[in-house]
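Shared between the two complexes below is chain A, which has chain B as its partner in the first and chain C in the second.
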Partner chain A sequence: MRDTSRPVPFARASRAVFDLALEGMVWSRRSLLMAVLLGLPIVFAIVYRVVLAAHIPPRVTPFDLYGAVVVFYYLRNVLPLAALFYASALIADEVEGKTLTYLLTRPVRREAILAGKFAAYVATTLSLALPAVVVTFFILLTSRGRVGLGGAVPDLLRDLGVLALALLAYGALFTLLGVLLKRPVIPGLLFLFVWELIANLPGYLPRFTLTAYLRSLVRHRPAEEGISEIFGQVLPAALCLEVLAGAIIVCLAAAAWIFSTREYVMDQ
Partner chain B sequence: MTRSRLVVLSALIVVGVGVVGALGALYFDPARAAVGPLPAEGLALPGDTQFVMGFDVHRFVASPFYQRFGKDRQGQGRPPGFTELEEKTGLNPERDVDRILFAGRGVEKGPEGGVLLVSGRFDRTKLSRAIETETKGVTSKSHEGTTVYLFREEVGKKTGAAAFLDDDTLVLGPRESVEATITNYAGGKAPMRSNAALVALLESVKPGSTFWAVGDQSVLSRLPLSIPGATGQGAISLPPVKSVVVTGDLDPMVAVELTGEAVDGKAAQNLADIVRGFVALASLQASQRPELKELASAVSVTTDAARVHVNLRVPYELIDSLSGKRPMAANGAPESR
Partner chain C sequence: MTATLEFVRASRWYGQVIALNDVTTAIGPGVTGLLGPNGAGKSTFLKLAAGQLAPSQGEVKMLGKPAWGSPELFHRVGLCPEADAFWEQLTGLQFLIGLLRLTGYDEAECRQRAENALHEVALLDAKDRKIGGYSKGMRQRVKLAQTLAHDPEVLLLDEPVSGMDPVNRRHIVDLVRRLGRAGRTVVVSSHILHEVEAMTRRVLLIHNGRILAEGDVREIRDLMDEHPHTVALRARDTRALARAVVGLPHVISLTFGAEGEWLTVQTARPDELYGNLAAAAEEAGVSEMYSPDENLESVFRYLVAG
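The block that comes next holds the complex of A and B.
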């Protein structure tokens, strides 16, 4: 018999919250929208294979297209957006729906609630994003036979790792925003589509963005225009991994601390 | 199992199957080799090799580049000399040669210079007879049980040598280098593995490239450290380069990726600025030759800590316009207009 005067152990509590949150996340309208957005490159790859391959100039190879999809579509736009909409809502949705009280009155530590919900976010977004990337890779890279497929495999594995890291890093940041702010979506969008643009500037400024580190980790360098082409710089891989790991740990720790100490007053 | 877990499991299976399939494609890829693009027999090359170049003959022959520029002057048939070579040796380079490797050992090695490894399918009897009958002053000797053909074996002159490492590999070069390679191969030694700097560079070569080259500091130290300025006056100082990796493909366009490692980030930035300067100069000439602007836009230069990456992607239409040649159809014949 469990001692009810003491909270449920962290791992058990997190797992229970994970199951609950996963069920709510996977089967939601948000996931449907994200599945469509994340799966669009598959549709594009099929259209390319069936129709466009004959019309696109041969200077654009399927591997170039795949690289552009990874860098511009997934890494720069859709994955950060997915992270924003899921991670910022981990706690904010409970506050908005006035259901946080039911969670907080259970004998579980608040950190366990956040850990379980963050794990559910990671599982959901990875489940939606990574299969789409793998399928897009195979459809595009086999459009001209198997030539060059083997050579591109290290890039696929690297991309999968970097995309997972992007979901973790942006997810941790937006989880922090979600526990810090009542309405985190607008600041999150400003961060993604205004602040992150400084990654294209010269000097040390790109080091204050997440996208500069993530983009440096992938090997694709699709042609860009304007200042990003002129000042495009690639940061050392070791530095990128250190900074991203640091950002994930700091953001999650700060989010856990704020969530566990903050007093939530539900509006009636 | 809940429906959500089923979704996660399905996604995991899709990714898992994809990764396994991808690894299978990598494993069975013909470009897969012992160290980067270097095949197992390449590891028998001398350990003090300073640079290695590789050339995938099949990819080259199948490329639009060969269709356009590899044929004879009439643009039809095989390059001159190939028919004669096949008659004498049974060797059709377009069909029989898979890969060519050249390992350089530096100028100070003198007669112990570079070694050429040619992999493919050879008619050994016909080729050996051709060497013995068609070449003047050729002698042969046995080294580690392998017949080595020696050319120009005279006092005071470099002696060239050729031998079959196995049925599929021909080694050519100065006698000492060829014998050293045979000794290593026969003894199962892989001295190239001990050359950690070069092995690291080889591992960074993009798999499946049509041609590639890697060189370490020892060979690059002999490069000039300054080049004449654009006006012919003064000189531009070049930062020293520690290593260089070049990979290239010829299909569907000429794509060359060059990565040079400078001594530090500042030197890399300087080097990148010099390359960008030349690209900008080419752009300035665009008023006289518009195609130069397109050529300049085909070059991109980025830096990554102490490394400089130069990417060149030139479509064949641009090469045609630069050379004043008529565009060619896919089969190599000039397009009719």
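The block that comes next holds the complex of A and C.
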């Protein structure tokens, strides 16, 4: 029996919004573009395996290449971009399409709408990104036989966790930007490709970026050489997890508060 | 009359622009027409009633609660917005089921209610077609169906028959009247007097953000008849339509629109014209019909001038 004196329970309302949002998100042009971008390393891995493997010096292992793909391609560029383009549009798309009215005229708390849409974003991006990483991993790491493959699987699992955390953290931040600003894409790009660069500086400043915490959690980089040299400092894992979890909670809570108190005037 | 919807000295402005100015009114069960030219403040009135906007000043109460910030009201209130906006990739049935789930019904009841609502607006046959492929009239009807599906006590309808063909317009007008007779509170906005008159006699006249008058539509009708009334029709065969109406004594002029798709008829007796159109419209394949509101504007100018 429905209780019509209260809004629909939060979890039930979020689930209904999630289902409604997922349909539109998965089958969108945005997802097609993201699928292409996220799948590019698979193409690279195949080309490497078929053509390049014989020409690359043996000291550069397939595992190194996989590590570079994870850190420089996924973690530093494509996943933050995916987060920007999906999460900043969670509410903005509904406002632009004037469909937000349908959601706001249901007996649901606005926070539940935002939670459902954020969950749909996470499900969509994870289902696009993680399989691409797994496929890339196996194509690259089996290019010279299966030696050492078993030992690298824990690193793969850890990478998947960090990438998921990256989607959550950047997603929460860009959800906040999306409800705060009318045009969040340019500030988002500036954040990603200007502000986040300070993660490469020495000292305390990198702690004001997300990327410094995320890349510190990636374990499989070589200890003393190669890409680790340009990593800058590595922060303690516990601190990274605490800061990232805090950032996610604060950004989502602020976004929910703004969304629940703001008027949305859909022009006719 | 028990008031379902109350405005108490409610005003709303956007920056420097006053959209609604010091409005006090109470609306109870039955159908109430909200009549005014474009830009009069009708949509702002409905958005305030539906809790989509907060009043800048004064109070707006729906079913005894503040309309703004009371989402639980939407168990009992339905809004049909004016904007022609949808998630185009969904079918009509998916659209309704998705929104009904947000009202807290279980899956089986959502489906049942969605099909009932689509049947109510004569869209059941098209339930599995994507909304992106619906005609303008079908889109209007599916929008109305989402308003009805959860069986609300209060229905706020913003230009609900805009763009519909004459047959469906008749169907929706009958539906609105039936809802009013069943004791629902229905507020229908329109800038077309004839449209509102077909649904109710009780009107609120709104102009420049103020309620000019409340009461019986017949008084407005008497004024209205002194002004020519324009009806624009989109048809497959506009020339056949023109042949059917050109001989009618109340028709003042006929104009063909660009590419021959539209016919604009000016008449001194809109009632008679709408009556005469019923048969001719079907033969000529009329798919859309609307009435520009210059004539209503002139009536309002007359009222304002006193």
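In this text, the second predicted complex is superposed on the first by the 252 of 268 C-alpha atoms of A that agree within 3 Å, B and C clash if a C-alpha of one lies under 4 Å from a C-alpha of the other, contacts with A are read in each partner's own complex, and residues count from 1 in each chain.
Following the convention adopted for this analysis, a contact is a pair of C-beta atoms (placed from the backbone, for glycine too) under 8 Å apart; a residue touches a chain by one contact, two chains touch by 3 or more.
These numbers were taken from a predicted model, which means no experiment stands behind them.
Superposition of the two complexes onto chain A shows chain B and chain C fitting side by side, with no clash. After overlaying the two complexes on the shared chain, residue contacts for A:V234 are found with chain B alone; chain C is out of touch. Contacts of A:V194 after superposition on the shared chain: neither chain B nor chain C is touched.
In the superposed model, A:W27 makes contact with both chain B and chain C. Shared-chain residue A:E263: touches chain C; no touch with chain B. By the document's definition of touching, of the two partners only chain C reaches A:V17; chain B does not. Of the two partner chains, neither chain B nor chain C is touched by A:I186. By the touch criterion stated above, A:V108 is placed in contact with chain C alone, chain B being left untouched.
When the two structures are aligned on their common chain, the gap between the nearest CA atoms of chain B and chain C comes to 11 Å. Shared interface residues of chain A, touching chain B in one complex and chain C in the other, are 19, 23, 27.
Residues of chain A that touch chain B in their complex: 19, 22-23, 25-27, 57-59, 61, 123-124, 126-128, 130-131, 134-135, 137-138, 146-151, 153-154, 156-157, 160, 216, 221, 223, 229, 232-236. Across the interface of their complex, chain A is touched by residues 2-5, 7-8, 10-12, 14-15, 18-19, 21-23, 25-32, 206-209, 252-253, 300, 302-305, 307, 309, 311, 313, 315 of chain B. Against chain A, the residues of chain C that register as touching in their complex are 14, 43, 47, 50, 52-54, 71-79, 81-83, 85-87, 89-90, 94, 98-99, 101-105, 146. Contact residues on chain A toward chain C in their complex (touch as defined above): 2, 4-9, 12-13, 16-17, 19-20, 23-24, 27, 97-99, 101-110, 263-266, 268.
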